[in-house]
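Chain nomenclature is as follows: A, B, C and D, assigned in order of appearance, with residue numbering initiated at 1 for each chain independently.
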Amino acid sequence: MTQSVVTEAPATEADVPSTGSDPRVRWVLLAVGLVAALALPWFVYPPVAMDIVALALFAIALDILLGFTGLLSFGHAAFWGSSAYVTGLIATHYGAPFPVAVLAGAVFAMILALPIGYLSVRRSGIYFAMVTLAFAQMVYFIAYQWSGLTGGENGLQGVPRTFFGIDLVETESFYFYYAALPIILLGMWGAWRIVHSPFGRVLMAIRDNSQRARALGYEVEKYKVIAFVLSAGLTGLAGGVFAINHGFVALTELHWSTSGEVVLMTVLGGIGTLWGGILGAFLTVMLADYLASSGFQGIDLVTGSVFVLVVLLFRRGVWGTVRHRYLARRLRRATRRGAADTRE
Amino acid sequence: MTAGERVAVRTRALTKEFRGFRAVDSVDLAVREGSVHALVGPNGAGKTTLFNLLTGFVAPTSGTITVFDQDVTGRPPEQVARCGVARSFQITSLFETLTSREHVELALQGHTRDGFRFWRSEKLLGRNRARVDDLLAQVGLLPLADKPVGLLAYGQKRALELSLVLAVDPPVMLLDEPTAGMGIEDVDRTIELVRRIAVGRTVVLVDHNMHVVGSLADRVTVLQQGRILAEGTYDEVRNDERVITAYLGEAEHA
Amino acid sequence: MNAVLQYAVQGLAAGSFYALAALGLAIIFGVLGVVNFAHGAFYMLGAVAAAVLLDLLDLSLWWSLLVVPVLMFGFGVLVERLLVQWLIRLDPLYNFLLTFGLTLVLVELVKQQYGVSGLPYRLPGPLRGRVDLAGVVLPRYQLFVLLFSVGICALVWLLMTRTRIGMIVRASTEKPELARALGINVGRWVTPVFGFGVALAGLAGVLAAPFRAITAEMGNNFAIILFAVVVIGGLGSIVGAVIAGFMVGLVEAFGQAYAPTFAQILIFVLMVLIILVRPAGLFGRKEATA
Amino acid sequence: MYGKRMWAGGLVLTNVLLLGACGEGGPGASGGDFSGDKLVLAVLNDQSGIYKDASGPNSVKAVKMAVADYKKKYGDKAVVDKIEVTSTDHQNKPDIANTKASELYERGGADVILDVPTSSAALAVANQAKNHKKLFLDVSAATTALTGAQCNKYTFQWAYNTYMLANGTGTTVTENGGKNWNIIYPDYEFGQNMTKSFTEAIKKAGGTVQGTIPTPFPNENFATFLTKAGSTNPDVIGTMHAGGDLINLVKQFNESGLKAKGIELAVGLMLINDIHSLGVEQFAGTMFTDAWYWNMDTEARTWADRFKAETGTRPSFEHAGNYSAATQYLEAVQAAGTDKAEEVIAKLEGKKLNDVFLRNGEIRAKDHSVVHDAYLVRVKKASEVKEEWDYEEIVATIPAAKAFPPAEASGCSM
């Protein structure tokens, strides 16, 4: 029984070069992703499109912990939901422009993440998952009780979409998508930057072998807490946008099932890939959206089965599997070339 | 390789109990500055536990540890590391997905605050390039620098272990079986390497290979069942009756 | 004073469910290294099975207490063979995620089959009514639940200390390094142990059937409190799981009595305090600094 | 408006294309009097979660029955030929309800959304109705906010609300001799509101409330609370719990022996499905207020028989409520000759009506609360049950005027 966290994904990735991906491919992917993000509301109902990108950022933020630090947080709904509430409250009571409200929500999520992270990183692996889950439940119950502020089970209704004095009316969700997309993209860029920074390198080292990182003088707990807080901040950005998009905040956003859903998205897309989170969010939201009007009863049956199958058979996730195939092919080609070279 | 007068690492009555079992039992150890000090003993003698104690991976039940007269008892490993103690691991212990270059970069960065810069590009790490290349060249890994270590051969991984310790440039190096599992040629190369890097440093070494111990160690401490059985130069120890029965005999039979 | 005693007994009775289920969770974790998210779902299945058996075969609670754990054992064996075993050598997180997915499926299936409003359950005559213990008036069934689960816990304890398999299970749960050193091979005990843990969750479910709403979602909240229980008790400890189970029941009862709005938060506050003071839990063994 | 569009459009590169793409979607005023030449009734409810039994798929069937009846009644004279009934599952998640409602109005061509259980979802849908200027007839959500602080012109609350539940039971039980009360309630907004309404009603009827005991939510273990509630020896213990918590509480009440001490249980919100699934035995003697009961008279019974032929089960008041709401909506469309929301609303407002579900009903113009007679019922003993679903005995009819709060008190301004 291995005690380190998420050893499987890295270990299997080790059989192909991880850093060797072609920079041209990266740029092409980025361009395709950007075009897809811009085109999305033309093909998908705009509020649903907004949900997709917000949840994509949520999944990416979770992946910073799960895929790059090796920590499974099963309580990220606490940050998503609390940021949604703070964003909603600030937009409602102070009429703040939505980007400001969203930012405030994200900051709140980070403040909340600090003590939770500090306490949770005292345990690792599966304990960490349970402890974060329990913390999130605590936040959920507090929001439930504090109905004067949160609206309790009725939710926080009537959150406005103010955009620097201009009232973006609900029907104009199409425009709102483009107004809010920069925040999401900024968040995604932030995640990419974190992962590809000296800090990100340390996180990967901690994921692969935290003892060794310690021996090199790294204060592992400190790094974990910072990663946790950063992840919560990005989650908060996504949650705030989600709240504005819907014009209200419900308790479901804080519920543990939301935490589970985002883990599902991340794992489905492929942990440790960033792109996978986006793909996972897209697939999950589209599936739920389709099933809602299909007359099929029992969405959890599908979601749960997909989850079981992915964990059993495609642990790399959709994106991870594709990337793995691609890299493996490149490696084979390179070897063949190498063999040809020696023959000459 | 003359041993100085100062003591680099000292333990006093160091004891570690695991549920009533004394893995390390009142060990008084003094490693003199600039010496190569070997710890030997049969399996289960407490060498690895002692190593873990010295580097903070295990907290002692009682007793104290000082590094250059600074008390480090009970400090976590990262702090001990920052006091200038670097260690290698007996069982190869690397970051499987990272390349050798990334390993060394990480090791070099360990004593700086750069690790917290999540807003900077990882290109920042490239500024030590010359030093990284140098360190990798020393252990013969430069040609493989950009390969994930998961793909390296065992001996290469051991070499990388050494280069990581080296990168930290520590006053005190703790090497846990640096030649374990190596072929004869590699062993000799490693001995050379250790000898070279030991200049001006204090080295604590655990190895089963008496050839390694004999060619490197200034002083040898023999452990048995958690206690110090004997201490002296290699030759003194080798001729010690108790040691012969307890350890060398066993090793020669093996 | 009477009130305090009464709350105490009620708290212990509520704690019985947690204790039994947490015992199963701890044993599974100890031997397989799996944190079974579906434990709440198995608890639910136990209750549903009791209700269905009563409806279809007129099987009373007494029989259900015997038959349902056996059925759940079989089901657990099936789950272990078909799903869990494939991930057992990997990081424990994968099985955590697997059992999470399994929970969604099981809950949904029960919903499809038996609806969402809950199932009826009838208590056998002798267990109805109240008992008067020196002024402390208690529902007879509550007392029964308490005594029964204490009995089961004691039985499991005997099993753990007096039988070979029990010792193996205990060694690998509480002293894995020792078990490894002694070369104990738990391999062939993995499947039955998983089944046994599931059976304990099912048994808790049967006990809950007459007393609690039997719905597909009855296990959801329960599972999360269970996690708090094992964090408090220390996952690596069988005794810890049981004691923490009863303790959480008490906290719940007294919280409800004296600070009702905060009763649920209190459990998690307790958990936080434990993490602060003893990160490994009350009876847990300390992990190496990881 | 134009300037705003320009502004927002300026955020993207392809402003012109963009307006072209999203200009479609909602129904335009194309040609005839009906958008898209058809009428679309969208049922948005919980088809998989905890409200599935009480409403769910069978509410869709009830609405389809209403459409069939409308067609049969008017035949060639019907102002619209094509009537569609769509069904959407909000999975009990308010954010899905919100998005789906907006999509139904904008893209699904929905003229009216029906049902929508749970308060948070219903309030979100009401907001969408207001923004899209389309109708929303709430049947399953009970929050008074829909016809109070958060009311709007496009939203009607058709079947019941928390005031009705609390007031009916509180007043009637007290008048019938249950003077001393102790109330156990879940400590969230629904429970708090219900308790407030109950307390007022009880005091007005001359009773006393000895104590109110909040409980966490959700909760499984009520033993402590019941002990506490029983300690003052009240005539009645009132409970404001619903769903699984209610069942927990009733089971534990039955085991607590309080019944034997002559303490009765009055329930704030109970659905016939609760009784059906738990068995009449558990609830025997419990009193609560129902908005409608399938076996209350011949008219109801006749419809319930048709419903059973259609679905295989007896209707809850929510099923009947959906049928009624759809029927009256179709009647209003028939009278208005169009599906334009403003005109249909004009036909609905102030209308006094009677149908299968509504007795002495009135669609109040002031707050869009649909008031009607309600019933205080007692759950029958197992021995009194003559057929399946024969669970309720009507103790008293609460006239519409007393069952619902006066319009002036609603706090609604549209």
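By our rule, a contact is a pair of C-beta atoms (placed from the backbone, for glycine too) under 8 Å apart; a residue touches a chain by one contact, two chains touch by 3 or more.
Predicted, not measured: the structure shown is a model, and the values here were computed from it.
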From chain C, the most remote chain by mean C-alpha position: B
Chain at the geometric heart of the assembly (C-alpha centres): A
Approximate Å spacing (C-alpha centroids) for the pair chain A, chain B: 40
Centre distance in Å when chain B and chain C are each reduced to the mean of their C-alpha atoms: 46
Length of the line joining the C-alpha centres of chain A and chain C, rounded to whole Å: 32
Centre-to-centre distance between chain D and chain C (centres being mean Cα positions), rounded to whole Å: 38
Multi-partner residues of chain B (at least 2 other chains): 57, 76-77
For chain C, residues that touch 2 or more chains besides their own: 108, 111, 261, 264, 289
Multi-partner residues of chain A (at least 2 other chains): 141, 145, 211, 214, 297-300
Residues of chain C defined as touching chain A within the complex: 33, 35, 83, 86-87, 89-94, 96-98, 100-109, 111-112, 176, 224, 227-228, 230-231, 235, 261, 264-265, 268-269, 271-272, 275-276, 279, 287, 289-290
Partner chain D, residues of chain C touching it in the complex: 3, 6-7, 10-11, 13-14, 108, 111, 115-123, 128-130, 137, 139-142, 208, 210-215, 217-218, 221-222, 252-253, 256-257, 260-264
Of chain D, residues touching chain C in the complex: 48-54, 187, 213-216, 218-221, 223-225, 227-228, 231, 243-248, 251-252, 255-257, 260, 271, 273-274, 276-279, 281-282
Chain A residues touching chain D - in the complex, by the definition given at the top: 38, 41-42, 45-48, 51, 141, 144-145, 147, 151-155, 157-158, 163, 166, 168-176, 178-179, 242, 246-248, 250-253, 288, 291-293, 295, 297-300
Residue ranges of chain B in contact with chain A within the complex: 55, 57, 76-78, 81-82, 86-87, 89, 93-99, 102, 105-107, 109-111, 114-122, 124-125, 146-151, 164, 168
